[in-house]
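Handing you a structure now.
The letters A, B, C, D and E name the chains in turn, as written, and every chain counts its residues from 1.
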Amino acid sequence: MAPLLIIDDLQIHYGAIEALKGISLYLDEGEIVAVLGANGAGKTTLINAISGLLPISSGNVTLEGNRLNGIPPYEIVQKGISQSPEGRKVFSTLTVDENLNLGAYTQRKKKQEVGDAKERVFSLFPILRERRRQLSGTLSGGEQQMLAIGRALMSSPRLLLLDEPSLGLAPILVNHIFGIIREINSQGTSILLVEQNAHKALSLAHKGYVLENGVISTSGSSSELKSNRKIQEAYLGGSALKRKGNQTT
Amino acid sequence: MEREKTGFFGSQQSLLFAIVGIFIIYPFFVSNYYIDVAFFFGIYALLGLSLNIVLGEVGLFDLGHAGFYAIGAYTTAILNTKLGIPILVLLPVSAIAAGIFAYIVCSPIIHLRGDYLCIVTIGMGEIVRLALINNPFDLTGGPNGVYGIDFPSFGGPFVIDSSIEYYFLIWIIVVLSIIGLIRLQNSRIGRAWNCIREDEVAAGSSGIDVKSYKLLAFVIGAALAGVAGNIYASKLMAVSPESFSFWESCMLFCIVLIGGMGSIPGILIGAAFISLFPEIFRPFAMYRMLVFGLVMILMMMFRPGGVWPRKRGGPEFVSLLSRMRKKDV
Amino acid sequence: MKIMKHLLIVGIILCVLMPFNATAAEKPVVIGLQGPITGPWAYEGEMAKQSCEIAAQLINEKGGILGGRMVEVRVVDDAGEPKTGALAATKLVGQKDVVASVSTYGSSICEPASNIYEKFKKVNIGYGVTAVRLTQRDFKYFFRTCGRDDSQGKFFADSVPQKFGAKKIAIMHDNTAFGKGLAEDTKGALKPMLDAGTVELIYFDAITPGEKDFHVPLTQLREKKPDVWYFTGYYAEAALLVTQAREIGVTCPFVGGNAAINNEFVKIAGIDLAKGCYMTNEPLPADLPYKEAKEFLKAYKDKFGEIPSSPWPIYAADALNIIAYAIDKTGSVDSDVLAEYLRNDVNGVPGITGPIGFTAQGDREGVPFYLYVVDENGNIVISK
Amino acid sequence: MSKGDLHTTPERVLETRGLTKIFGGLIAVNNFDATVKKGEIFSLIGPNGAGKTTVFNVVTGIYKPEAGQVIFGEKDITGRKPHQIVSFGIARTFQNIRLFQNMTCLENIMAGQHCRAKAGVWSSIFSFSAQKKEERRIREISESRIEQVGLERFRDELAKNIPYGSQRMLEIARALATEPMLLVLDEPSSGLNAGETEVLMGFLKELIEKEHLTILLIEHDMNVVMGISDKVAVMDEGKKIAEGNPEEIYNNPRVIEAYLGTEEEA
Amino acid sequence: MQVVFEQIINGLTIGSFYALIALGYSMVYGVLKLINFAHGDFFTLGSYLGYTLLVFGSAFITTHFGLWGGMVAAMLMAAMCLAFIGVLVERAAYRPIYPAGRLPAVVSALGASIVLQNAIMVIWGPRYQAYPAKLIPNIHLNIWGINITVLQIVILVLSFVLMGILYYIIQKTVFGAAIRATALDKDTASLMGINFNKVIFFIFTLGPALGAMTGVMVGMYYRQISFTMGWNYGLKAFTATILGGIGNLPGAMFGGLILGVLEMLGAAYISAAWKDVFVFMILILVLIFRPNGLFGEKIAEKV
């Protein structure tokens, strides 16, 4: 079976700055793939390129063999990819309900399906049902994250892009949300997960890629990566410490 | 500084001299009408330069600039007709009056951002105009305005009373203002203004007192507009509120944006467009303003940064004046 | 003989000035018209232009002036702005072939313009400029064919209160130079009666021109219960005022000034509300008993389909006529000659608006005023 | 207090006492205490949203704290305006570079000299000799700063047109042009490649050595943090959870947890 | 007391005009951050189109639909024409300029305003035009001593219905939520599958259409229209928009109504001539103390 999403030698520029320097990865149907990396490594750039928010300089993004290059974001959603963006980006002056309805904007004619999708979101995140009339700006950070994920689920996507779902959340909440991500995946949605929280992400993902300065430095299955010393170094700067130690001694 | 730019330098310098030369001999070859047209071009150039300080240099949306212009004109008109003070003596007085007015009204609103500041300046301009119409303390003559204003003089035998003298008066003031502005642009004050325009937060964090410098821009801009008001009042010998409408402010706004924010040659081009275009196209009668509006849209389409945007770093036409004086730089 | 001599001189001068023009002798006499062709008063400017063209056409049909030279109108636009007015005046005085100018509509525009005409010694005759101060400047070359605010104010004070048996008078103006001037002058003319206590001025206030909603001042007016209500502004506001006043129950007679009532007023207010509204006015074109008026209006109607809807364009036509007359009579296009002639020798010259003559200051002598009323059919007729 | 005194008598440069900042009910910084000593590189690390940048914004006067004090040298600078704080001697850079985009690189640096100059409107318009002299000094200092960061080739380029890495350096040069005693850098290596990061680290070390500056740093790149810091404080959820030298921090389990998260029990 | 009531009703009438125009400003500003100076001229153009329809179709309309029918027909026609023209102006004068930033778009909007205003002058002539009195229902009522016309009541009701409809669309439908979402965050909105261009199309249809209907109502109410009137109404409506908090639609409606009432009360109890001074003073005071308008939300700038 061919992979669901294939990214082939993708390059993205911001003006003169090269944010992604030709990266390739793939994601099979039903998989969770983690993309790890430090701030500024290009993770969000990758996700926004898939969503169509950024123009692709060269390379290809294909979903089930259909090229997505140059397709505007609002059509990418119709093709079955939806995104929960970094920093949640809930529409703060809209209610929780309205946020969810917007998630299903492309399906808005199909009342029944929207209702079903909303029920599914509410069963995953019961707190949202309680808060459905509340302005989303008044939710706590964790609730906003749930709303952002729920909103992305409303279009019943085949591929869900999650950008830093643990960002700024307390560890207990992170655990909770990651549990739900697993649940979503087990219900059949493929997930591309971008995370700084490497342990967390790898505990969930089937495989992972490590991005460093716009290139993929390491990749492999989760278990391979978890035991990889390089990851810890990439995050906590062990190599520099060693080097410093060498210099001072 | 001079490296690799000498070629450019030479030709620009001669172009500058040619333009100045044309301006000097121009009035001797045309009728009074064309001299007067050039005079009003000068008035708009001065007004454009004054608004440019606020809008172009600091990036504050000021759509009530005609209010400052009115304060200058009415200060001159009232003090001249009631107390008989000569016009040229009133020139600095008008500037100071407009500057003080700007300081007082802008202090409480200077913290407003973008469009909120914009509507407040509109409101300020309208309040000035309406107050003039309503004749407070019987000073402004209400809708009639103030009339019987003298020709410019210092009170002695030297009197400016012909079109050609007015022409030189306004253009000498414009040239002096340009020199002053170029020096400001190249000083720490001009740089501070530009920094605020580019990024207020970064400007504050680079040690620039954002609020004071914004206020300073308003005060200097208003003072210069006040100077324009002084000359305008004496040229027309009468001032009335309809000359200082919101529409006038909009046209000044367009001068700066059509020319190019912060660009002095741009401002001159913008002023020429606003003041000469309607005159040139007067034969079109009722289609004149239609064409004018269309040209405005087209200009923004093809030159969104203005006809002559300010160039930085590279060889620049206007920085010539300062370079000619500051050989050491 | 004298005329022949003048003609010869003019001819020679013209030949010298225009050496390449073989038909110099037949060159038309150019009279300027400065008016608001564009801007807020554009319709007034347009009618003034048409009126002057008709006046010139009538003169030319009768063989022109100075023994066969045609009269040509050269229009410059002042857009109804003081600044542009100054420019327009400069433009006209700069054209050597323009001998005199009809200028202009609006006192505040006339003010700077007439300064320029004066400086360059060019006869200029205002047609829609009624501010008293204009002729108090001892100008040599400035005249006007229209009346002054104070004469109209005096007419109101003399006739209106007594006609309506009114004790409580309300005066409302529109804060324009013209409207406020007339209101103040009316108040001045009423002063003896106010001092004597025979009438009371219970309301004197301004509305804002360009507005559409006057319910507030009208409610205040209603509460004061005036016997007669004088509005000195323009018809656009007058029509709105009458409509809204009747709506909220102001029932006293409405009297407008000479800018207030015309056909447009009736059109906007509708006949139902307009009928019974009065105005103080110079005689309207249609009421002018003079044969010049009938001839002029016929020509105007033939060409443009309807007669001017306001009185001012007729004054513009008369201004042009009197300039042409003076040129013809003096045989000169010299400004000093013309100004002297207009000031001293023009007296009772038949014009469209009646006999024309000027005072020493340049004011029109003896502009009659009438009290008009809108009748059942929406026509503006002299009130009996 | 002159720089010389600071150099000879090692002491604290900056101290925060009980700093607290609240945004609409959310406590962004919670009772934060820290002391930065003269001549050290003090790094502030922690996960996104931990409140590091908020601390910076309070220290540099962009936000007013709800509680607590900021002491700079001997002076309480709590709640002062940003430009005043710069003139006292604290300069900063921003997480997302905030240059004056449409001004040249040199002008950007000259802006930093603003607070060290005095010329007013009149002396600028009439170009008095004092103003000329001052302007010449501003230029000289700025030229030397631009050379120091190696950007002289971009001298007359608009700031927005130069490469990203150079923009970072330019922002640091602008901060240095204010002649600070304390340099506050918010993620200076973010967006830089490995080579550029190396250069930056070298540059910062050199600054400490040659100019006797003190540096307060927020950094995500642990290579940088571990490589050059003298002291590291870790923040999480607005609180300081650890402080120590890099080795201590590297081995602190709470830090590892905050960064990498705990393994999920399930 | 009755006088105060009358003034308030008058204020509400004029305020509802401001509010309807302000909605158009606010929608465009919310989504595009553009001050659409041409919006006042959309309103004028609507008024003239309604006038033309009533004058030239008068016999037909009155015989078939009666006076009220004529009014509704004129409003609908004008609204449709303006919806078309609004989109046209957006495509021609604004869309090519968006990428260049906000300020050039302001100049372009001023240019569009000049073009529209002068096109109206060229087509209909510079004089005032009058809505034919005989085609306008004119029934007076006197309720508890308050003078009011049926037309005034109809206008008030109609304005509130229109505002209600817009409020419903914007606040209660998914599409309305999409517009609000686009105004908040264009990129994230597009991630929801919202087509930005469709949103623009909608606001440049609905805004001018509302303006046109207001124009017809103003024409009916005052009977007299002029080609320059949009400028004045536009300025007031823009003021109302800011007063309510720019980009906030319910804020714009309230801003308009408050402005109308303030204006009337200011005229009644301070001075008719100084009323606009009073209004702008209030505006400035409001902004000094609430820099984001009465209903605007404080947006902390991210540093």
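Quick note on the criterion: a contact is a pair of C-beta atoms (placed from the backbone, for glycine too) under 8 Å apart; a residue touches a chain by one contact, two chains touch by 3 or more.
What you see is a predicted model, and the numbers here were worked out from it, not measured in a lab.
The fewest steps needed to get from chain B to chain C, moving only between touching chains, is 1. Shared contact partners of chain A and chain C comprise E. The chain with its Cα centre farthest from the Cα centre of chain E is D. Ranked by how far their CA centres sit from the centre of chain B, the chains are topped by A.
As a whole-number value, the distance joining the C-alpha centres of chain A and chain D reads 32 Å. Spacing of chain D relative to chain E, judged by their CA centroids, is 49 angstrom.
The distance from the centre of chain A to the centre of chain B, each centre being the mean of the chain's C-alpha atoms, comes to 54 Å. Distance between chain centres (mean CA atoms), chain A to chain E: 43 Å. Residues of chain E found to touch two or more other chains are 121, 126, 271, 273, 276, 303.
Residues of chain D found to touch two or more other chains are 62, 94. The touching residues of chain A, counted against chain D in their complex, run 16-17, 38-40, 141, 164, 166-168, 170-171, 174-175, 178-179, 196-200, 203-204, 213, 232, 235-241, 243-244.
On the side of chain A, the complex with chain E involves touching residues 51-53, 72-75, 77-78, 82-83, 85, 89, 91-94, 98, 101-103, 105-106, 108, 151, 155.
Chain B meets chain D in the complex at residues 180, 183-184, 186-192, 194-195, 198-199, 201-210, 216, 220, 312-314, 325-326, 328-329. Within the complex formed with chain A, the chain D residues making contact are 26, 47-50, 161, 163-164, 187, 190-194, 220-228, 237, 246-247, 250, 256-266. Those residues of chain C that touch chain E in the shared complex are 38, 40, 42-43, 46, 175, 205-208, 210-213, 215-217, 219-220, 223, 236, 239-240, 243, 247-249, 264, 267-273.
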